[in-house]
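I've put the structures underneath this note.
In the two assemblies presented below, subunit A is common to both, partnered first by subunit B and then by subunit C.
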Partner chain A sequence: MSESTIAPQHAQPPSAPPQRGDLNDRLIATDVWTDQMLAEAGIPIIDVPFVTFGGGIGSFVTVDYLRICGVPTSAMRVLTPLKTPWESYEYLTTVSQIPRTERLRSDSASTPDNIWGFPSYALREGPKQWWNVFVEPIFKRYYTPKAGHAFTSMEREMYRIRYPEMVVHGQVRMVRRRAGGGYFTVLTPPEGAASTRRIAYRSQWVHVAVGYPGLKFLPDLQRYRQEHNDFAKVVNAYEPHEHVYERLHKRPGTVLIRGGGIVASRVLQRLIDDRDQRGLQTQIVHLFRTYVDKAHGPGIFKRRRGADGWAYQGFNYPKSVWGGQLKQQVRKTHGEERARLYKEMGGTNTPLRNDWLEQLDRGRREGWYRVVIGQIDTMRPVGDLVEVAVSSDQGPQLGTFDFVIDCTGLEADIREHRVLADLLDHSGAGRNPVGRLDVGTNFELLGTQNGGKIYASGSATLGGPFPGVDTFFGLQIAAQEIADDLIKQGFAQKLGPGRSTSQWWKWVRNKQI
Partner chain B sequence: MASPVVPPVVPPVPAAAVAAAAVGVPPFDQVGVAVTPGEDLVVRLPGIVLVAGVQATAPAPARSSGLGGWGAAPAAPASAAPAGDRRLGELVGLCRRVSAAGRRAPGRRLHEELRAWLPTATDVPSFAVAAATEEGLALVLLGDGVAEVPELGLRLTAGQGEEPLSDGRPYLDRLVDWPPAALRLSAGAKGDMGPHPLADLEAGVVPGAAAVLSPAPVPATPAAPAPPVPAGTVLAQLPPTPVAARVTTPPVPPPAPAPPVPPAPAPVPGGHAAHDHAAHDHAHGHDHGVPAAPEPPVPPQPVAPPVQLPPPARSVSFLDPPAADEVEPAREPLPIVTDEQPPAALAQEEGDTRPKVKGILCKNGHLNDPRVLFCAQCGIRTTQQTAVFVEGVRPPLGLLVFDNGATVSLDADYLLGREPETDERVRSGGHRPLLVVDQTGGVSRHHAEIRLEGWDVVLTDIGSANGTLFARRGELAWTSLIPGQPVQLTPGMTVRMGGRQFAFESPHGGY
Partner chain C sequence: MLPTLNGRIQTRIFLLVVVGGLWTLIITPILPTGVGIGASYGATFSVILVTTVLGVLWELLYHGLQQFRWEKDWPTLFGFLTGINEGLLVWFLFAGGAVFWHDGIPGPAFVIHFVTTWIIVFLVANGPMRVPFVHWRINGGRLV
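What follows is the complex of A and B.
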């Protein structure tokens, strides 16, 4: 993987006139900046000890923790293009068929609005769910909270900790080290919001929480769109595709589903719900690349249930990554060995839930749900349909479908994100065995110390000593580690039993801090 | 291909003299080219006739000119093709290129191209080429190539050229006037056999020893008035011409002053010096330096009225793939691209009339609605970098899903109604018609219009009789559209007109 150049930026207009307070070539080429260089470029400098950017749930949870540890709002800034911390998350869950009323795939105690994890979502939801979490997963399937529940409780917490006071809107362009200690975080505010094109935040600590660099639509989907200018018939499950359901409601059709993860199960459930509620005649063909027909795994203690093509797992990760033996195991390994462990616990999987399993059983019985194993070779529009050529385990197959829904979720490389690429190129950050940002056990970005620290949490740090970073609970653990590290450096106050209890009561009473 | 063709107009030509004066030089493509049997290759392209020697690679059986009465020389079987003769192929390719570049008078250009090409090529087979120029002919002879006018005793060989090629082979290129008699081109083959009187190669590549260019047209089918054919081929009505008169009656005016020849009619005033068809013995007028051989005067022949022949009909050659006029002109190879290119959506081609819109680019250069979080093309986050507004070709902004399941992709403005095609906006090409068939009769002839404005889709009721209703996603009540007042369509919005209904869905602009 080439580490040498920044990915080309098409967006730069060919000859934009140099604006006041813009970056210049000298700044871009220099790894360590002096205050003087910024002054020469006319970029104003704002001092704040702690800057977090990304502004999603990762930033929110970290700021929440620090606020509870007594850091005033004036000492922190959240640089973000998002309106709310969950905006991006809600978008993705909604389009992938988890609207606010549906259940996420998250533990009851993974509460981004509550650093204690108590009371959990299940406790708050009602007595029926208490019983569920008591007997799960032996007698019941895992309890998971509804998406809307998570968002509304986060909204409450957001106002409680006066989060909006810390938000500065704009795009973060880069983070560079400062000569003499600390960092500069360069922000591009929205047009007209500031008198200069860029603003630099001078801080001792920087927290990187940009989340997924983005989705990565499969090349064949991108090619299909580019060649045929057709955005309607072949869709990715992570983009709005309500027209598919709308159209199937109006006229019966055949849909090809591709992929075996949770999104595939959600999309199937939506299709079959529609089928049941509206009496539709939707035919479903499901294309698996790897078909799992039985429990599988490297050892007797590391087995994952599987049947009918799916690999089942309650959550994204085996539960032991959060507090069990797997957490210890990963923490102690390095390099290849760690990459191997990640590979073992990785892989596409989906939670067992009775509703859609029953639906699929019925579909198999009644013949409107069929499974093909193979890979798509080509897609092309034929009239109102899409012709798909598949190399299946039964040889090449050709079929026409009304829609193809691609439920494979690929994440782009971290280099796809401009700021992360800049960190790799100019600020000394490195990659971990899995290829993402290399962080230590305290979620400090290794190799970037400069009289302060850069921390990172979220999906960009997957592959570090703590697995499961791209979950609610993983973000909370990262926030805890970061807060502990900052407490050691004197930025925040220790969260001992007294403070913790009093803060918890404030949370219960929803008292603004 | 099947475009209707104006029926050919064959002007009544009263006398040869008139035609000669009017034409001046016979249009090259209307001269008859007869091929004598042999093993070399005769190529006729628009404006060019080439005879190239074939180094005996495949013994082609000498064939009698088994021509039918249709005039077109049948293609030789593929086995007679000089397989693997690369130079010959290059030569033919060069001629094709030159012919395609300017078919009316490719002669001078052919000279230049050959001069440029020949020094770089070795082992080029002997050949003889005649090509049209504005005033006469351009001849090129190489090796054993010979151009002769047997009736006048004129003979040009490559050896008469000023400077041979670098490898010592004789080479001649020269501009000459049209000889007043049949011109025979050969690549040195000693074929004594004359062409079949009916042989006529209109275009193509055939085996043969020599090509005989006779400025008078060759009779095609026994002249029956052909009905106009609505095809790419135009048939000319030919007057019945005695076959014997064909070769000897060229209505060609060589430029030289004609010495008085007894049986000649009056000289023809024209662009070139007047010359009579019957006068054959004044070769000194031609600048190829061959001393005029005294020749017995040929008795005057009945003059065949010259006929403006239409362009040659298409002939199919099995030897060589496409006819010259089907070959695309040579063009520069596409540049080799190593850098990552911005995708096609941004290609600002001249004359690209597709509607443009200002949007933001994702990291990978795809144009997007400024309001989206993820690129619609590749899925990358659009929020990770500063929004830079760029103009590009607008992608489809969404989809109308009608109640019968029909879907319409919104890539242009639409006019909806019972008879949308009668609206002025449709007739002027501004809107596309979208026929909405409604059994209840509730849809007006021109009911509503859908316009794309930037990244938004806007619906306007254009004065329908029964009105238009809409409901946003989740709304149970219908709202009535005020005529003339546009409403922005949001994803999930349902619109009802008459007894019909459609929903709008969009990958752009939020969820």
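What follows is the complex of A and C.
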């Protein structure tokens, strides 16, 4: 069970010995807490109207929106173990081979540092990129921003909205409803930062933005690790695995890649870049479970491009989920119908990029990149190598590899996250048709109202009435819906054309608000 | 980010009337129309009116074509180039006398007016529109 996102943690582990002001059995077992119960446990209470926790990009864009809508810093707190809002995201992009200098898979106008999406990243980058966005995707591949560009611009916005003043470091343990209205969010501050083990934030609104509940490894990978205690030769691409590239630099080797998504593309690019730049002789075998050889889909109006094993799509969702007809269509659906739509637009895919196509073409031609279609049955270490048995479309096959890089990005069940599990068990939260947190169109966590509201955004809410939740722009869309709902409740000021324009002008001048 | 059919129609009407209208007010006096200022405004605003009304019908066609695209999108370039077919149709209607309330407009004046208006509306729709109307792109281009 994880306490937070899969990012590096700075807060103390939860297993410290009992201290003053800790949770007790009665609190843990009770769904609705009174102020008195916390006082008896010696847990101090801090009042603030709005609390967001997670502290990643989801929290950041929500607070950004609310600050622009005139909410003072004193009315909001961000409870987080992260040093910066992009820390967790940057960790994941870096290990999955998208360092700051490489390009993300995100639209030019998906700008977490700017709620208007104008000027877009491409506009800020220069005339060459203006032309790119003008003719994409017809004559050019989609423009996407560099990871570093996204992080540095978020940093600028972070100081502009005085974000650091709202941050309280620590790990959120749970959210419980309060008798008389509102919620308690229980924070475990870092060791030595407070005189009690826990602090409770009493608020009318809570925003849950904890990111990915955790990574889930395929059963064969888990089994291999458990049986052979080998974490070096069989790795998941979302884990740090630089040692693989370093070892291949020292000695030629053969690598098995599994997966057909963007991470597989990036890992392949890294391997082939290393081949080209460092003169390596790396041999690559690519295992596809589902091999896509042509355009595919349920009908003439729903056909996605594909070739050479890959399903191709510019971004993680068809573009019209962020505002267009798919957004509207999904918003109106419920239950099985919604699950079906998600399934239709889902499926692993990767964007078309010329350098990748060229590299793989060359690999096929020169024989150092080979494709196998099938599934792994077993893996076992043989000396320095891993022996992999595959059920392929050509029958059983056996191969030995220096490394297996699993590029499948499975996400753990939301229950794997301690706070989300607690919300399901004690606060009335439920699951949506695809099993994640059930939110309404305003991103309110359905079933949790208590004289206030709990909102949630990000990956944990996938499967809701808006599909692209786990994307930059998706987080901003959620922020807007949440802000609009809070405006209706009087917490923030309306963002009409006048205020929007004047606030945008402040953004342009980098004027602190 | 991408508009719906309803949003596209609303945006088109709004931008042509407000932005196109303002631009027409500014540019008409210097267009080579060869007639007085009153008749010139009559001509250019007739172009805006006809373009707006026909545009709604064009949108229905574009929407149909979008259905064949997996992303259900309409690339930026298409939004620019459709000015050609739309402009030609408007021109033929004027030249052929189908715009019954008006005598027509000289070719050069029409081209300058239509092309500049189209470019300005296109540029505003692809960025600055989001500044005052921050909900616009999330609501599929709907303004109301």
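Assume the second predicted complex is superposed on the first by the 495 of 513 C-alpha atoms of A that agree within 3 Å, B and C clash if a C-alpha of one lies under 4 Å from a C-alpha of the other, contacts with A are read in each partner's own complex, and residues count from 1 in each chain.
To be clear about the criterion, contacts are C-beta pairs under 8 Å (C-beta built on N, C-alpha and C of every residue); 3 or more make two chains touch, one makes a residue touch a chain.
All of these numbers come straight from a predicted model, not from anything done at the bench.
By the touch criterion defined above, A:490 lies against neither subunit B nor subunit C after alignment on the C-alpha atoms of chain A. Once the two complexes are overlaid on the shared chain, A:109 sits against subunit C while remaining clear of subunit B. Contacts of A:222 after superposition on the shared chain: subunit B is touched, whereas subunit C is not.
In the superposition on chain A, A:500 contacts subunit C only, with no contact to subunit B.
By the document's definition of touching, of the two partners only subunit B reaches A:417; subunit C does not. By the touch criterion stated above, A:213 is placed in contact with subunit B alone, subunit C being left untouched.
Legend: residue contacts after superposition of the two complexes on their common chain; A:192 is shown touching neither subunit B nor subunit C.
In the superposition on chain A, no subunit A position is in contact with subunit B in one complex as well as with subunit C in the other.
Of all the residues in subunit B, the ones that touch subunit A in their complex are 339-340, 342-344, 346, 360-361, 363-365, 373-381, 383-388, 390, 395-396, 398-399, 401-405, 407, 409, 411, 491-492, 503, 505-507, 511. Subunit C makes touch with subunit A in their complex at residues 1-5, 7, 66-68, 70-73, 75-78, 80, 127-128, 130-135, 137-141.
Interface residues of subunit A, counted against subunit B in their complex, comprise 7-13, 81-82, 87-88, 91, 94-95, 171, 173, 188, 210, 212-217, 222, 225-226, 229-232, 235-236, 238-243, 246-247, 250-251, 253, 384, 412, 416-419. Interface residues of subunit A facing subunit C in the complex, by the touch rule stated above, are 107, 109-110, 115-120, 123, 133-139, 297, 300-305, 313-314, 318-320, 322-328, 473, 477, 480, 484, 495, 497-498, 500-501, 504.
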